Amino acid sequence: MALGVGCAAPPGKARDNKTGSWRVFRPVFDPETCNRCGMCALVCPEGCVHENEEGMFEPDLDYCKGCGLCEEVCPKKSIRMEKEEK
Amino acid sequence: MALGVGCAAPPGKARDNKTGSWRVFRPVFDPETCNRCGMCALVCPEGCVHENEEGMFEPDLDYCKGCGLCEEVCPKKSIRMEKEEK
Amino acid sequence: MAEEKQDVELFSAGHRACGGCGPALAARLLLKATGKNVIVVASTGCMEVFSTPYPETAWEVPWIHSLFENAAAVASGIEASLKKQGRSEKIVCICGDGATFDIGVLCISGAFERGHDITYICYDNEAYMNTGIQRSGATPYGASTTTSPTGTCAPGGNPLPKKDMPAILAAHGAPYVATASIAYPNDFVKKVERAINTPGPCYIQVHTPCCTGWGFESRDTIAISKLAINTGLWVNYEIVNGVVEKAKKVRRVPVEEYLEKQKRFRHLFRPARQDAEIAKIQAIADANAEKFGIDIKLRKPAE
Amino acid sequence: MAEEKQDVELFSAGHRACGGCGPALAARLLLKATGKNVIVVASTGCMEVFSTPYPETAWEVPWIHSLFENAAAVASGIEASLKKQGRSEKIVCICGDGATFDIGVLCISGAFERGHDITYICYDNEAYMNTGIQRSGATPYGASTTTSPTGTCAPGGNPLPKKDMPAILAAHGAPYVATASIAYPNDFVKKVERAINTPGPCYIQVHTPCCTGWGFESRDTIAISKLAINTGLWVNYEIVNGVVEKAKKVRRVPVEEYLEKQKRFRHLFRPARQDAEIAKIQAIADANAEKFGIDIKLRKPAE
Amino acid sequence: MMEIMEGSHAVAEIVKRCRPQVVSAYPITPQTHIVEDLAQMVASCELDAEYITVESEFSALSACLGASAAGSRVYSATTSQGLILMAEVCFNAAGMRLPIVMTIANRSLGAPLSIWNDQQDTIALRDSGWLQFYAEDNQEIADLHMIAYKVCEDHDILLPAFVCFDGFILTHTYEPVDLPSQEEVDAYLPAFTPYHRLDAAKPLSMGMYATPDYYMEFRYEIDRAMYRARDAFIKAGREFGEQFGRDYSGLVEGYRLDDADVALIAMGSICGTVKDAVDEMRDAGKKVGLLKIRTYRPFPGPEIVEALKGVSTVAVLDKNISLGNGGAVGTEVKSALYGTGISVYDYIIALGGRDVRKRDIAAVVDLAEKGEGDMFYGLRTEVL
Amino acid sequence: MMEIMEGSHAVAEIVKRCRPQVVSAYPITPQTHIVEDLAQMVASCELDAEYITVESEFSALSACLGASAAGSRVYSATTSQGLILMAEVCFNAAGMRLPIVMTIANRSLGAPLSIWNDQQDTIALRDSGWLQFYAEDNQEIADLHMIAYKVCEDHDILLPAFVCFDGFILTHTYEPVDLPSQEEVDAYLPAFTPYHRLDAAKPLSMGMYATPDYYMEFRYEIDRAMYRARDAFIKAGREFGEQFGRDYSGLVEGYRLDDADVALIAMGSICGTVKDAVDEMRDAGKKVGLLKIRTYRPFPGPEIVEALKGVSTVAVLDKNISLGNGGAVGTEVKSALYGTGISVYDYIIALGGRDVRKRDIAAVVDLAEKGEGDMFYGLRTEVL
Amino acid sequence: MTAAELIAFAAFEGGVYAQAFPAFGVERRGAPVQAFVRFSDEKIRLRSQIYEPDYIIVQDSTLVGDVDVFKGMKAGGIAIVNTEKADFDSNVPEGVKVYIVDATTIALEELGVPITNTTLMGAFAAATGEIKLESLEHALRNRFSGSMADKNVNAAKRAYNLIGGAA
Amino acid sequence: MTAAELIAFAAFEGGVYAQAFPAFGVERRGAPVQAFVRFSDEKIRLRSQIYEPDYIIVQDSTLVGDVDVFKGMKAGGIAIVNTEKADFDSNVPEGVKVYIVDATTIALEELGVPITNTTLMGAFAAATGEIKLESLEHALRNRFSGSMADKNVNAAKRAYNLIGGAA
């Protein structure tokens, strides 16, 4: 590997850092009650809530730090934070 | 002579620098017409116009640079700039 | 472009911000607003540190960091260069409140005076967080920080009011100055869009609560930022060509509701409640409300 | 004290300013206002250079120079020190417009934010004179300087308006901000007296024409400064706790009367008259007049 | 009384006991704990000083400069980007002969940005006219502050000082420190008597400019004061030893040098690791010793020559790099040892927080013995 | 064509012909004439560049940094207080590997403030990673700018450069200079091709921070680039010679060194005076020569060793003082000549504009021959 | 940092030299961190990080999968792991003895917050014998005041006794 | 500066190397200033100020009392003094020849402004023979354009002829 001249690097590498390991609580999404408002995806500081093929929202647990912001903003209370078990 | 520690010096020495030598024109004050308003003394950038014992204003030619400001501000036109002869 | 903007995550996961970090959310929203055709200039601080340890950058747009205090000047140079090259990227600085209110003032003042076409965004978490929660010019009156701690000789914490950067930059003749908050993500996005499309130097100050530095649970970041607005301690407004516009109206709640939820204001309540200090902070909120006319007046029931 | 003030010349002759130097006059008047119980902090610039070549100082009060850009910070430290020592000297910075509008902004902004009890005076000769007449943030629109020269690609000289430092410092919360001019020495002296007796950081910007840099005869220094006021290009006013007060009223004359007397504006008249540019400068004067309400309205003859 | 405490806290505590009247500093990792502690002491009425929370390092030192000129004992602390940002003020304060004491939590300089330790920051200011003292451990850093105030404020010296210890490696380390009490500090360090000050009762112009007729002589005077600081340091260090039993009368300090063939030269916390490594090498039969530089400015050239008599090979550990010409300490050591016939090799080591182990020291000695030097040591070649 | 012109004007003219796209500088004596000329050229449509009139040197270099990162050839100029004020940006720009060319009108550093010449300003930045080239006369300063752009922008180098000439002594002196025409400059200096740049089409993060896992390797890479700059300079200098007949292929340049017993070492305009003095001494039968250092960074250690073979005594003229350890060049020369057996003496000379005459050079040689050195030369003892 | 600091403190109370320092990172809150402690009968001069620890305390067992927390440990070493799972098992180097303690539960019960430093100190003292219980108590009472001191001492003692039985 | 610069210019036109530089001061407008010129058949390398001038031009004779303008001059030197007084007399070193020229009057008459540089150049050319009149004219036409060139050439010529008669 050669160093990027001037400590420069192309995008992409941050994703190597799986911040999911920081998590103590895990958000659990309930597709039943969700109204697909997208607030959870909008406010997640990790940008790790995505709409899946079925149009449902789900967190990418590789990166989710379990901050609970999505739970707090969810208007339908469709998200529940659960203690992480590893 | 010892240097002033940190390039510091007490007041007084500037007066060694007789800026009168810069003068090309010299202000000549006419005590007859002067109303003693003091404008000349107020505006002289050299602070070199003084009231003498008789209450008349006169320039200190050791320092007067001959700028002509006093002439310009004199309400009585009591000051005349004359070419310096040395 | 609008669609593309919505879909691509240009600020990628894997960054090292604390969970629930307000500034991290602001970074994401910023890039939603700018899309890809942007060059981002960053100052040293939490956001820079959590997003760019070599070689793991979270930025999927061109990004540059030089120093803590010179982002506005670096952006000036980039702008001049792009102008000469005939290039179209928008130039956006994203800098902390310390970088903006304090150490960066020289470069900012110069850049704004010169009238470069740049957008300068201050993500305001109201202290130097990267170095461990020290007071900045943006720290609100009464907040305790590690350099404005409380003690017998300083029972009130930070003794100085928050510096009025929007007014200062408006006085520099900036065509567009705005405040925003992550409490209202879409409003922030819209303001960024307006700023980058306004020629000349524009300024946006976005309120980005920091759970670690302010002392609240990570889940409450949005709630706290809403409370700041609902108490009147933070006002969202725009200053267009020197004139204040569109201050967001609210039904205000007492400042205590905001203060008591944060460790940085704990001394106002414990060991003993400091009513006088709380009243002073309430007065700041009242003055804001007055100045910006944000109070929603209850309509008199129609006769 | 008042009497003592009048008699002693605390800024002594023998300094090396050009004949007719506006800033030299300002220095004299400043010390008339402060008397002996003062500590003066200077920045690098014409005034510093013409008054303090080692060992020939023209200052008969305690005076300190450190750098071009840090006078406000040095003054902050002096203030803190005097406070701790229980001493009574007033602290006055006297700095050029380059030091104030440009390179010193960081230290000034910090000092004003912190609220030190200092008076900061900017002697404004509207360019960097010490280094040979380069543009500063205080250079008026349209003036040619050695770094804003005129030429085919820049027929108008300086393309930027004069930075509004009084407004910027008022936005910092300064309790007293004023503009003054050597055209009215007593007004300047009174404003200095008010500033040093107002607790907190105060700012005075005093117009000090520079015959060498602006290109007029040394005898015309006062006349030029009066014309600046009479055209409305310079307004003497006070801002007390953020509110503009006492703007000096005048019967305005066209800006040309001011411009045509100075070499720095010569390109507006020669080789060809640039009417559009002159009109722009007139518009600046008109805007000033409007903003500060300085026009003396002719009274309608009584019926 | 010996107590376990963080290095930063030890510094804050001793600074408090030195009774500065004005403190002004700007936060920067890894200096923050010191100034946070001081801010807390002022808030808690433990320290009767004005604490100025500035908007930048430039103002921090400028404010100290003003306060010092007005007659107060002052204190500041910084590192790295903060120090280089105030570089202009540093040169200025020294030229103005103001006895400011500033702690440096040594850290590397960017770019690339790094918050970790090396000594590039103070090394880069080696021309500035500031005294530079380096501590090996948290006891020494505390003690050096008292000595620094004494030396700086001496009317024969009147120079500012950087009192340096390695960022994180010492600042954030908890270890036993014996702090002199307030009374003991008062007994050692007299109240500040300014040589002259800004005072309406006795006007003086400070910081005038010097034409070619005077400038060179002013610089010479600073250099002379630097020179006199050697003896002033030795005296203050000896007095310290007499009062507290810890002797700092040496500008340098030798460790197992007496019969050494190979001497390592180093500054700061790495000296601890080197000492352990020296012990191991001695145990293995190698005649190795350490010369620790305590006062990098004034540079102890003659002391180095004296201490290394009998040594054949010297390995200098440089936690800095004068890009394009090797390590600064190595260069200056060679200059000092010029003509002695000793072989001197320079090693750029431990930049930007790269950890150094005993075995690294042994490896450096091996290299020096083989005549290989003037190089970077400890590169991760796999990333190059 | 040879023409009489002011040194500053020669620089401005050649810079114009190097076609910088962004110019940003802040006025400071004695650099002003250069930037004033450039401002005039932009106003007169002679130079198609953005000229940014900044509020400080800090922004001047920061703006250049940004413009360079965005892909433009950039230019700045400063000196003294301006240079030290931007010191942090200097370290940063080098670490970011941006090929900025900045003219320095060398001037002393305060306090005391002095606008006159010595070389303390650039010397104080010798660790920063900037190349440093020094000119003897106004021909050389003009020529070195073309070479500097070529070397800096080389993708194997990518470092910024200070192109230095003595303030007033050269900046304000009118003398004959032969300026290459625009076409000639274009033929010598290719258009700027950035190694990489800020570009939405190819995103890149520039100026990231480096943990202890990477920092040291990045610094090493800078030092390697410095090293490679030796050959790049020689190559660019040779090419220059081939095209223009003035050869700059040497990092150092010897004058009447061949059979010299005593060699003076110097940088910048003083070399002219020294050459005249050498001629006089030669006429008087003394075997004296001069070694002029053209590239102070990278430091030409091996070249100095090579050039001084056969010399017994060296006198270094240092227009700077690393307070508390003598002159920087002297120190580095001793380090380079370590072990050669040559006697080296250092002289701090000509600080803050003190004039130097041929007889002073002769006096220094006398001192060196008597073994007296490592001292200030030319003090006005009557004011001490 | 606090756990390492407290151990150093207690060890010093117990009469040996001690040195504690963190692995200096820029990680934000939530990311895993590391700290080191050295004891010695003599003044400690060595400043390098610890590559071959005699003892290791794992405050968050969920890390064990992601990071090789036992790296560098040799036979005879002792590891103390905070976990709820009595059946904790991992690739521990040969000869390293592992003590399990549910410090989070103890801390919650004794202090009301899941701050496990003091609890783990008790376990460390018992498992390694490097710190005497009295020194530990002394250190804690020095560090905390009033009821907080009592609570922390209780938490430490509970873990001490727990491990003490096992050790 | 301009006078020295022009002389260097003209000398170079005339085929010799020349160097001109001011005594670098911080003096403001109005204060006396000094400038130096060197000529040589070879490239000029020397950078020191001039302590023993061969020639001196005094632009303002009122200085003569305050400053020793002739300092360092040796026998054989030539001084050109701008003064109205035909009876100018001062303590000129032995053997130095003084030429008097009322350059201010000439300049006023020819150029309309009291800028004496070009006039004094004419005097210098005539008095010293170091510059040929053609080189001077060439230099002036190079420097000034249009009618300004003519006027300056006329001023220089007048002084040249004036001194030429005397020399």
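Note that the chains take the letters A, B, C, D, E, F, G and H in the order they are written out, and that residue 1 is the start of every chain.
One rule holds in what follows: a residue touches a chain if its C-beta (ideal position, glycine included) is under 8 Å from a C-beta of that chain, and two chains touch if they have at least 3 such contacts.
The model shown is predicted, which means the values in this text are computed figures rather than measured ones.
Chemist: Along the shortest chain of touching chains, how many steps lie between chain B and chain H?
Modeler: Between chain B and chain H, the shortest chain-hopping route counts 1.
Chemist: Does A-E or D-E have the larger number of C-beta pairs in contact?
Modeler: Taking the two pairs in turn, the one with more contacts turns out to be D-E.
Chemist: Could you work out which chain's C-alpha centre is the most distant one from the centre of chain H?
Modeler: Farthest by centroid: G.
Chemist: Taking each chain's centre as the mean of its C-alpha atoms, which one ends up farthest from the centre of chain F?
Modeler: G
Chemist: Taking each chain's centre as the mean position of its Cα atoms, how many Å separate chain C from chain G?
Modeler: Computed value for the inter-centroid distance: 40 Å.
Chemist: Just how far, in Å, is the C-alpha centre of chain G from the one of chain F?
Modeler: Taking the mean C-alpha position of each chain, the two centres sit 57 Å apart.
Chemist: Which integer distance in Å separates the CA centroid of chain A from that of chain H?
Modeler: 82
Chemist: So which stretches of chain H touch two or more other chains?
Modeler: If we look for residues of chain H contacting two or more partner chains, we find 26, 30-31.
Chemist: Considering chain D alone, which of its residues make contact with at least two other chains?
Modeler: 16-19, 21, 49, 53-55, 57, 59-61, 65-67, 69, 101-103, 105-106, 109-110, 113-114, 137
Chemist: Hey, what residues on chain B touch two or more of the other chains?
Modeler: Each of 3, 6-7, 9-11, 18-19, 22, 65 in chain B touches at least two other chains.
Chemist: Within the complex, which stretch of chain B touches chain F?
Modeler: Touch list, chain B to chain F: 1-3, 6-7.
Chemist: Could you pull out which chain F residues touch chain E in their complex?
Modeler: The contact residues of chain F facing chain E are 81, 84-85, 87-88, 91-96, 108-116, 120, 123-124, 126-129, 131, 207-223, 226-227, 229, 297-299, 301, 320-326, 328, 330-332, 334-335, 337-339, 341, 343-344, 348, 350-355, 376, 378-380, 383-384.
Chemist: Using the touch definition up top, name the residues of chain D that touch chain F in the complex.
Modeler: 44, 54, 65-69, 101-103, 105, 128, 130-132, 134-135, 137, 146-154
Chemist: If you look only at chain D, which of its residues touch chain H in the complex?
Modeler: Residues of chain D touching chain H: 16-19, 21, 46, 49-50, 53, 211-212.
Chemist: Please output the residues of chain G touching chain E within their complex, sorted ascending.
Modeler: So the residues of chain G touching chain E come out as 1, 4-5, 8-9, 12, 17-22, 24, 26, 44-49, 51.
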